[in-house]
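As written, the chain order gives the labels A, B, C and D, with residue 1 at the start of each chain.
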Amino acid sequence: MTDLTKPSGQPGNGDLPATGTAAVGEVAAAGSPAPTAFLEVRDLHVHFPTDDGLVKSVDGLSFRLEKGKTLGIVGESGSGKSVTSLGIMGLHTAGQYGRRKARISGEIWLNGQELLGADPDEVRKLRGREMSMIFQDPLSALHPYYTIGRQIIEAYRVHNEVTKEVARKRAIELLDRVGIPQPDKRVDSYPHEFSGGMRQRAMIAMALVNNPELLIADEPTTALDVTVQAQILDLIRDLQKEFGSAVIVITHDLGVVAELADDLLVMYGGRCVERGPAEKVFYEPQHPYTWGLLGSMPRIDRDQTERLIPVKGSPPSLINVPSGCAFHPRCPYADVPKDNITRTERPELSAAGGGGHFSACHMSQEERTRIWTEEIAPKL
Amino acid sequence: MLAYLIRRLFAVVVMLLVVTLTTFAIFFVIPKWAGSDPALLFVGKQADPAAIEGIRQKLSLGDPVLVQFWHFVQGLFVGRDYASGTDVTHCPAPCFGYSFRTEQAVWPQLTDAMPVTLSLAAGACLLWLVGGITTGVVSALRRGTLWDRSAMTVALAGVSLPIYFTGLLSLAIFSYSLKWVNVDYKGLGDDPAMWFESLILPWITLAFLYAAMYARLTRATMLEIMGEDYIRTARAKGLRERAVIGRHAMRSTWTPVLTLLGLDLGALLGGAVLTETTYNLPGLGRLAVNAITEKDLPVILGVTLIAAVFIVIANLVVDLLYAVIDPRVRLG
Amino acid sequence: MKQLSRSRRIAGAAAVVGALLATAGCGGGGSDDEGSGAGFNAAVKGVAAKSAKKGGTLKFVNKQEFDSLDPQRQYYGFAWDFSRFYARQLISYAPKPGNAANELVPDLATSTGKISNGGKTYTYTLRDGITWEDGSPITSKDVKYGIERIWAKDVVSGGPGYLRQVLDPKGEYKGPYKDKSKDKLGLKGIQTPDDKTIVFNLAKPNGDFEQMLAMPTGSPVKADKDTGAKYTNRPFSSGPYKVQSYTPGKSLSLVRNSNWKKASDPIRPALPDKISVTFNSNLEAIDRLLIKGDYDVFLSATGMTPSGRNDALKQHKGNVDNITTSFVRYVDFTTKVKPFDNIHCRKAVVYGTDYKSLQTTRGGPQAGGDLATNMLPKSVKGSDDYDPYGILKRGGKADPAKAKDELKQCGKPGGFSTSIVARNDQPAEVDAAEALQASLKKVGITLNVEPIQGSTSASITGSPAVMKKRGYGLSMTGWGPDFPTGQGFSQPLIDGRFIEQTGNYNVSETNDAEINKYFDDALKETDPNKAGAIYQKMNHKVSDLAVQMPFIYEKNITWRSSRLTNAFSSAAYNGRYDYSQLGVVK
Amino acid sequence: MTAPLHGTSTDSDPVATADVAADVVKASVEGRSLRQIAWTRLKRDKLALAGGIVVVFLVLVAIFAPLIVSLLGHPPNEFHQEEIDPLFGTPKGSMGGISSDFLFGVEPSNGRDVFSRVVYGARISLLVAFLAAVVAVVLGTIFGIIAGYFGGWVDSLISRVMDMLLAFPQLLFIISLVSVLPNDLLGLTGSGVRIAILVSVIGFFGWPYVGRIVRGQTLSLREKEYIEAARSLGAGRRYILFRELLPNLVAPITVYATLMIPTNILTEAALSFLGAGVKPPTASWGQMLSKAVGTYEDDPMFMIIPGVAIFITVLAFNLFGDGVRDALDPKGTR
């Protein structure tokens, strides 16, 4: 149905080579038999009908992820990255009542089970147990009227038939694990009594209380101070090692995933424009949009006063996605390919540079390499 | 907590002083400014100068307004003595003085009327909170459905209907034509069944207006809350929808409802005035309206003060409830 | 015809409010049904259900609070009627139907006053066997003390001051509470040579003195039972009943005074065992409860509400009396406000007014009253059918041609603009003012209606300065006599020497030498008929001056319960039943 | 006294903090001004449009009352007692005397044309409601901005005053005030005085509602970057207040003003009902209802017609006001 990249030599199994590129390899077409990968998303579409038209938040996204690995999904707001994660959790319709419900299609396989076609109550049982999520703003994501402990206990007891006391012990244990001092006291504190970093730690504790196999962190550090950001990222990494979960980190900030992710997926206008092993995407990016993202990323090794180079223009309308390459209106190289092709034809995701690295750009590999090495990289 | 209470009490006292002083000003300063003699408002049929002077002395209208005000405040706290020719009458605290018209002590009149208004207000309040919130929640959860649209249309009609019109209409239909209910008020202590029967229509009339407002508010709040991050979190935990709504969403709807309740308590007396007038209930609202037409200042002062005290206490309770509901609210 | 329109109306209304239909059907018919009452107007034509049967509870209901139970402080007409249950006077009104009630008969006294000293001295002898509720005898000193109380204007306020004016016009006495004498009986105008004799010395003759003495202000008060301002809560009874309990605004109940002796009282039959008054602030509810049979009499008898009237007349006509009160509804011309200083402008209004329309707004001929042609009500001696402006001849309609003519003579051929004050707690007054406004508009006179609070009227219509300053040329009002003579009715309204700077009732500010003289002459007459002849001339003069424009002699539709016995309308009590005579069947 | 109820979330990256729905809407409506968006939304809201049309109709009725009455009715103060049953004072005809001559029937006892009085009553209702809303909005905006912008003791003072006014037994005060104020005031006479009094008192007790909203908005806007920027560029206070703050307050103020008008109509009618409204013979709906109290058992139409007039008017304004609010609400909760 959609553009499916060819296999590029990396088999999609759990036995991961040292390069760590296996997580993002080829994905089977929708309707194919159950995959062997831990998480596989096939041709995901999430559309929201609105008064102004159909908003295509996610429009044909595929990827896979193995246990113990971390995938970073990067993009601007409105690129569809958050909707993707909600779609996986089965929460894309949350808070929507009435006639206009979100429409979702494609397949999501988790541990051999397809979620989109499954009984919603089955999916609910998976939520919080098999897969759990950390949200970007822990202040608003925690219920302000209940204590931290109560919220963690509740998360534990939904899926485990235990007494409150047992659950409370478990909550304290986890609070301790995520580095909250005096957890036996803090367990009775309210969210507003915590600092931002502490709140996010508590949020993580809540997400991990049932030892989930998939952890989705949606902008986990955006709302936090820079110093706290690093601590939280360290924590996520440590915990992943300890629990062996698969992790998806969603962010608009490449810096966040730079050290955390094994693989990267760059989204633009509801689609994937580039994906591949993290170092490949970082050091040999193959899409002008990724270049833009790299350019706008603050770096510690750079003079802070230097002006960042943002991606010019604003994100595309998801109702009337620009024809051809969705990025063309903002792309400084839109006229490099011939025949106006960037405006008429949508570029497919294709292998770029090998090693599981894919990109959706009309420019040839040579042109891209040249521009990157000659024009972009020196400025970064 | 103690500091908070002291501060609140201070605010309450200031508030009550302002209310009293304003009422005094309305009935003593404005007529004077408009060129008429307050004593003339209270003199009977034979208003010869001697009688007017008598009135002036009796009501101590000769004193400056602030002195009269001071005597009034004194009376409230320590009682007051009235010389009545033959002997001195002691009016024990809280002394609201004696009616200019009937010469009866005001305090017993207030305590007589209070249960009526409280019955009306409490019953109606209960009715509208239960009715309004339930309707609002159900509408929010069934947003866009026929139920939602009809409930919201009725609610909008409800907030657009004048109390006295619905009152008259329901009186005409249910009391006079169908003779289903008797509306002659009896006290709860005298005749509980009759008390209930006589208040059914007033309760519904008063509650209908407010229920409509609360239904609209609850619906809007609920819709907003259902989009909150923490509701998403609750779902992400794998909670059943019932728990999400019952435990997480409902708890939050109370805050705006309380805010509105705090505001409405101020306006409730207005609603009571109209309801009591329409249904002929012998409550504070009607007492006040009669006193205003009669320019019976002590009674007016009494009712406004009682009303203000009630409002202030209710607001204090609302604020305390905030703290109970929302742990972020610190009293202090 | 009436029935038809009634049913049509109800059917139509029911189409809109479906539920109204349910019971309206049975209310449509039977206007001839006299019900169980004694018959329409039975208490106007004579005595309804004459009976001497004792026992039972006589149940009054009222909207208005008593102004006071203290006899010296009462001014409301219904309070005067009611106070005879517990307060007696030297003389009182005859317990007879209609205008015969205006005759004065002895009560505590053995006879009416012995007049001497050129009409300046009145002497009375007290009856034997008259007692207070504690059994002690009522003495002449008690009568004197009671009357003295009205000099204490700061404490015993509210009641009429006539006795004060005739006995001590200079105000030398300061009242019993400031009285230095031992027995507190320092008033010089009254002497009590012994316990049975009381002598009144008037400053100058006044033919109506006995009328003043018959008012409740003439009641005795036992000095050691006087509680000053609080006497209103528990007056000490000299009559057949005493106060059992009184909660203002709620209820009053009287029970028999066992120390009262029937033999000592020629007036009161004292039929019921108990008398109760219940207060209800809703007139519609009062009518409903009366019709339902919960109460017997509407105490203030100010007439039924339109809806009550409808029900009563259609279904219980036998329980209805159409009583004539002594009230006149009229409009005062403020002659000090232009252009009403000119008689022709006043006459223009008189001719331009549609009296019929004013009558209809007040309830029509039955519930409102008969068209009035001059100021004196029929119960006052001296009244006649004088109609100089031909109002009745035109059937109450306006005479625009004459009005225009008067306007021309007044120098305002194009009309003029003025204001009328009307009390807004008396809705019918505002309605009537609006009717006047509508009818005067047709002759070119623009009228602004200025509603005022009834309680502020003393400071507006009672103040000539305010009337002039605000340019209130007209004042919609009503007046009933304090006692049924020309003095009691007209003098405060029209005698130029009664113009006050505050609390003025001579709103027209008429100060006509001829009129003033008529009053002086009439007061010297002790023969009511001769005085009446003088008042008649006075009244004609008032009409000719066109300073007041009466439009109806008031009538009320009054409910008389089927339980009520001995009911008759008494002119002395403004057409109300003589309450002291009422009884109930059990 | 109490902590803010909804702690403002970190505003560092407003784009990133928005929820899914807002994201979607934002993305989809990019590039259009708020006014355009609002208009598009309003056009789609059928109920609001219907309300708006009724409002426009009522305003036209009020403006052209004399013309309408001259065509379809009788002068509002003209008596037609030939239509009245002299004994009972109620209309002779059925349904409160409704006929081709008297479209809504006649008033009991005096026979005035109810149609004309309802039409003229619309003038009073709308005039008082509108002017009172203007008074409330002007006062509320001024004090709200002052409180929010200057903060400190100014804010405390104004906030306390607003709290106090909101807790006042308002209706009682208004009736008391009207009952003692003289009939001629500041050169005004007749119904003009009462209208002026009604407008002032209703407006006066209404401003704290507007004031609170404006204060809140000002507080949050004050911290916004563009105000900071303007301030850092040395813009004067007045410039910031009127050029930067005020335009951003237009939307919430508009919404509140629209929703205040129906409340004011109800208040005016309530005051008239209690006898504290305009002076007779000026027609007003509340006064008609008040008069109907005595006659509704026999002439229900005279109660129903003004009651329905109030109902329709208030409902129309509410529908329209709701529509405007939803259209201007960036979250689009509908």
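Going forward, a contact is a pair of C-beta atoms (placed from the backbone, for glycine too) under 8 Å apart; a residue touches a chain by one contact, two chains touch by 3 or more.
None of the values given here were measured: they were computed from a predicted structure.
With steps allowed only between chains in touch, the distance from chain A over to chain C comes to 2.
Taking the definition of touch as given, a chain qualifies here only if it contacts chain C and chain D alike; those chains are B.
At the centre of the protein atoms shown, by the Cα-centroid criterion, sits B. Chain pairs A-B and B-C differ in how many C-beta pairs are in contact, and the one with more is B-C.
Between chain A and chain D, the centres computed from C-alpha atoms are 50 Å apart. Centroids of chain A and chain B (each the mean of its C-alpha atoms) stand 55 Å apart. Chain B and chain C have Cα centroids separated by 39 Å. As a whole-number value, the distance joining the C-alpha centres of chain B and chain D reads 22 Å.
Residue positions of chain D with contacts to 2 or more other chains are 7, 19, 21, 179, 275, 293, 296-297, 300, 304. Counting partner chains per residue, chain A shows two or more touched chains at residues 86, 95, 137, 140, 144, 192. Counting partners per residue, chain B has 35-36, 169, 172, 176, 223, 227, 229, 293, 295, 326, 328 as the residues that reach two or more other chains. Contact residues on chain C toward chain D in their complex (touch as defined above): 2, 5, 8-9, 11-13, 15-17, 20, 283-284, 305-307, 309-310, 313, 354, 356-357, 360-361, 363-367, 424, 427, 430-431, 433-435, 437-439, 441, 448-453, 470.
Remark: chain B residues 35-37, 40-52, 54-55, 57-58, 84-87, 89, 101-104, 109, 112, 169, 172-174, 176-179, 184, 280, 282, 286, 290, 293-295 touch chain C in the complex.
By the touch rule above, chain B contacts chain D in their complex via residues 4, 7-8, 11, 15, 18-19, 22-23, 26-27, 30-31, 34-36, 156-157, 159-165, 168-169, 172, 176, 220, 223-224, 227, 229, 255, 259, 263, 266-267, 269-270, 273-274, 277-278, 288-289, 292-293, 295, 300, 303-304, 307-308, 311-312, 315, 319, 322-323, 326, 328-331. Residues 1-3, 5, 7, 19, 21, 160, 164, 166-173, 175-177, 179-182, 185, 262, 266, 269-270, 273-275, 286, 289, 292-293, 296-297, 300, 303-304, 307, 310-311, 314-315, 318-319, 322, 331, 333 of chain D are the ones touching chain B in the complex. Considering their complex, residues 77-79, 81, 84-96, 98, 108-110, 179, 183-184, 189-190, 275, 279-281, 291, 293-301, 304 of chain D touch chain C.
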